[in-house]
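I'd like to ask some things about the structure below.
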Amino acid sequence: MTIVARFEIELTRYLDADGAALGELPAFASNRETLVELYRWMVLARTFDQKAIALQRTGRLGTYASSLGQEGVSVGLAHAMRPEDVLLPSFREHGAQLLRGVTPKELLQYWGGDERGSNFAVPRQDFPVCIPVGSHAPHAAGAALAFKLRGEPRAAVAVFGDGATSKGDVYEAMNVAGAWQLPIVFVATNNQWAISVPRNAQTAAATLAQKAIGAGLEGRQVDGNDVIAVRQVIGEALDKARSGGSATLIEALTYRLADHTTADDASRYRDDDEVAKHWKEEPVARLRSHLTTAHSWSKAEEEALIEACAAQVEQATDAYLAEPPEPPEAMFDHLYAELPSALAAQRDAALAETPE
Amino acid sequence: MTTSSESTQAAAQAVECTLVEGVNLALARALQDDPTVVILGEDVGIDGGVFRATQSLIGRFDESRVRDTPLSEALIGGLPIGLAAMGLRPVAEIQFMGFIYPVIDQLVNHASRMRTRTRGRLSCPLVIRAPYGGGVHAPEHHSESMEAMFTHIPGIRVVIPSSPAKAYGLLLAAIRDPDPVVFLEPKRIYRAVRETVVDDGRALALDHCFVTREGSDVTLIGWGAALSEVMDAAETLATDGVEAEVIDVATLKLLDFETIAASVEKTGRCVIVHEAPVSGGFGAEIAARLAGAGLVNLLAPIERVAGWDTIMPLPRLEDRYMPSAGRVVAAARRVMEYS
Amino acid sequence: MGDVFKLPDLGEGLREAEIVTWHVGVGDHVVADQPLVAVETDKAIVEVPSPRAGRVAALHADVGDILEVGAPLVEFDAGEAKDTGAIVGDIAESPRTTERAKAAPAVRKLAESLGVDLATVTGTGPGGTISSADVEAAAGTRGGAGEKLRGVRRAMFQSMTLAGRNVVPATLNDEADIDAWSEHEDPTARLTRAISIACKASPALNAWFDPNTETRTLHKTVDLGIAVETGDGLFAPVLRDAGNRNTEELRAELERIKQGIENRSVERAELTGATISLSNFGMFGGRFAELVVLPPQVAILGAGRAEPRVVVQDDQPVVRRILPLSLSFDHRVVTGIEATRFLNTVIEDLALAG
């Protein structure tokens, strides 16, 4: 009997749970500014997240999916991307979207039920939030194929959760990425929960990263709560993608500290003790510790940052709340490039109807 | 991205061709005229497609633009969305309508709504082509007519050609359209009819019904392959002195109801013919509209001659399922009793 | 007064009772056998049940009153009692649905435009549905519009109906030889003159008859009602005192009347009071007719189409211009001889050259 294939999955981590360096850090991590930047985006993401939950609880935002605890993954991966790369998020990558240039107001509009929230002013080619789990993975393959056909040094980054890795769409996208050597980075944010289904009930695979092997891709694990590690690993995968080295699947290990959405009550299916344990590993505190210890991050700077983020989020909230909804013709006017005559009468009828 | 070999514009040639050849001509024309057009699907490359719809394209154009995908219909539905959002114009082939259903997820959840949900920032100028319909004595699942499923999706178009020239002109229109089009090719008449097609790159109008025969006694409405039965029925009726007006719907969504309404205003009688199962078929939409805006012009009940509400039978019983010219004639005669 | 329910015989020879408790009030709906009131007799307290379903319109006694048997107790709303089976509330009766005519929408549209009531049409289409042809047949003519009678047509309907009911008509037909007339002779004027003269000869035809009082009034003057057919219908303006006008005056008056009709300026007074009538229907066509005598008149002369005819003169066939005449009269009050005399006189005068 001959062994015809083996595989290895590497896990990358630079900081321990308390923020102490485990060994040599990547070059960018010795740059205080860069680290502060990463930290700032994570704080902004969390501040936004808290505000969004508060708005939902007061009836001013729709059902919202919190990213509490996952800021390291979102911010790390987006920070590694270039502006001309394309992000295809699921519904929990608020930090990534913010870093890519989606404004807090746009995010609030999206979650508040206004389509204008997906008409990003800045990242014009980033995809909007994808709700049907994993169904955007093939889009990433399509976008990456476009880059390849046009010879553009761009990459597509598709982000999804642990549950999504059970989806056929995700496998099909990985498979074609391998077959066609497409410039994609697939990021599986393993926050251990797919609503109420824990990771070990999702699949028998020992890691999610090894699902890449089946598609002929490299699979890697990274400590998702170590934003330095995330930044580094994603960066490597992007470089590889852009240089024709094909796609990678990166499993970012983290934990969903909040409920699945504001319509979920996680205490129905998981232990508060378990959650409490994972708070000890969360990414924002971890980087703060590191910043404090290794780069003298001060209380003043901390307070200033918190204040600045709060102000930014507050301003966005005011703007969002002040914005009246679009007129009803918006339902029709953007459906096709040009309003078809077949729909003109319906549009008129819709406008004529006044709500009671 | 460059086109290979062809450096000059092909002169507008008139060619005698079949429907599937009309499709091929249109694809070639599109690849030639528009560098953003990309063709994908299973076996579309060197094999030229199982019906040869993409035959020889890979020889004339770069293989990067005529790509064989792995066997994954969901992927074939999703890839074009990524391509289109980045400014390319993908034309994806699904091998048979029986395999198209995973694509519906991508059509409904993404392609149909990408433009409106981003308020125009991203859009999906893509075409999904698939051979459909029965009458070719094929194995299971290869004879489906489920066009009504697609007509129910807001934000897309559903186009069905009935002849070589229509296939050429409508497919070009579909490819050039800035929004998603599901282009269903009636495979029963892929090779049955030859017609002169001028390869001049001219598209036919979408959202437009064609009156293929004028008459004033009864309106016969159909699309795709069923039109050949309808035309046969019209000939038979003419021997009785009944002059049928025949309408080829062509674009089911978005429907040109005005043409249909004007015809029924003239004749007062209507028979709608489609292979697909009768209940919830697209004929129901036309009938509902006639019963609305066209009601006062109706002399007779609206008849639908369609497939039964059963699973499409295997070839041994297929002939008992497909609407025949005889059934169309009988329906027309029934409505002619009303005056 | 509605339906009054009187205090019923309570049995055992008891003739009166005292009202103890009313169980219903005015406006209540009750059903048959529902207790209306408790009354006390010598013997016991008795519940009086309602004889019917209905709505209580009035209570005819107060608590404490002593009523005799047979005295009014409860009054129900007049009109058919509907047993809706409801003690409380007003359950509306659903209107009776009449069966709707079966016709396709286009046929309905056609019927509406032709003024055809589909309920009156029998369908010959498939399944007994009404076809366009059925509607058109019902409408009478293709494209004709059925309309409810109004104005002059209605008046004609009414007066002819009246005539039909009252008069016993008889008609005498004869012909006048008008070959001697000049080309410009006005037939109406000549007929008017002839009638005036004939009225003198046979006054019984210039009369009114009242069947209710069985009274006949002979008139001294001839007020001739001249039937005029216009696009709007049949008018009969009256030429007053025809017997005392010369031909010139007759012509002038006829012209004036004609203008008045055309201009629709003729007054109502001018249309009433004719003592005898003339219908020069021959202007339009036809030779003889049984005309309708319009009460209270007793006679009407009709002139048909004047035509050259072959007649016998001195045993020889000759062609003469002949005017057919029809004299219809009410045989209840005009004798055949009176009619004959009248007509002969008319014929004689018409035969004159001028």
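The chains carry the letters A, B and C, assigned in the order they are written, with residues numbered from 1 in each.
In this section, contacts are C-beta pairs under 8 Å (C-beta built on N, C-alpha and C of every residue); 3 or more make two chains touch, one makes a residue touch a chain.
Just so it is clear, the model here is predicted, and its values are computed rather than measured.
The fewest steps needed to get from subunit A to subunit C, moving only between touching chains, is 2. Averaging the CA coordinates per chain and comparing them to the mean over all protein CA atoms picks out B as nearest. Two chain pairs, B-C and A-B, are weighed by contacting C-beta pairs, with A-B ahead. Centroids built from CA atoms put subunit C at 91 Å from subunit A.
Computed centre separation for the pair subunit B/subunit C is 68 angstrom, with centres defined by C-alpha atoms.
With centres set at the average Cα position, the gap from subunit A to subunit B is 40 Å.
Listed for subunit B are no residues, as none touches two or more other chains. Contact residues of subunit B toward subunit C in the complex are 268, 295-301, 334, 337-339.
Subunit C makes touch with subunit B in their complex at residues 104-109, 125-126, 129, 131-133.
The touching residues of subunit B, counted against subunit A in their complex, run 1, 38, 64-65, 67, 69-70, 72, 74-75, 77-88, 90, 105-106, 109-110, 115-123, 154-155, 177-179, 207, 254-257.
Remark: subunit A residues 86, 115-116, 118-120, 124-125, 127-128, 130-132, 135-151, 156, 168-169, 172-173, 175-176, 179-180, 330-331, 334-337, 340-343 touch subunit B in the complex.
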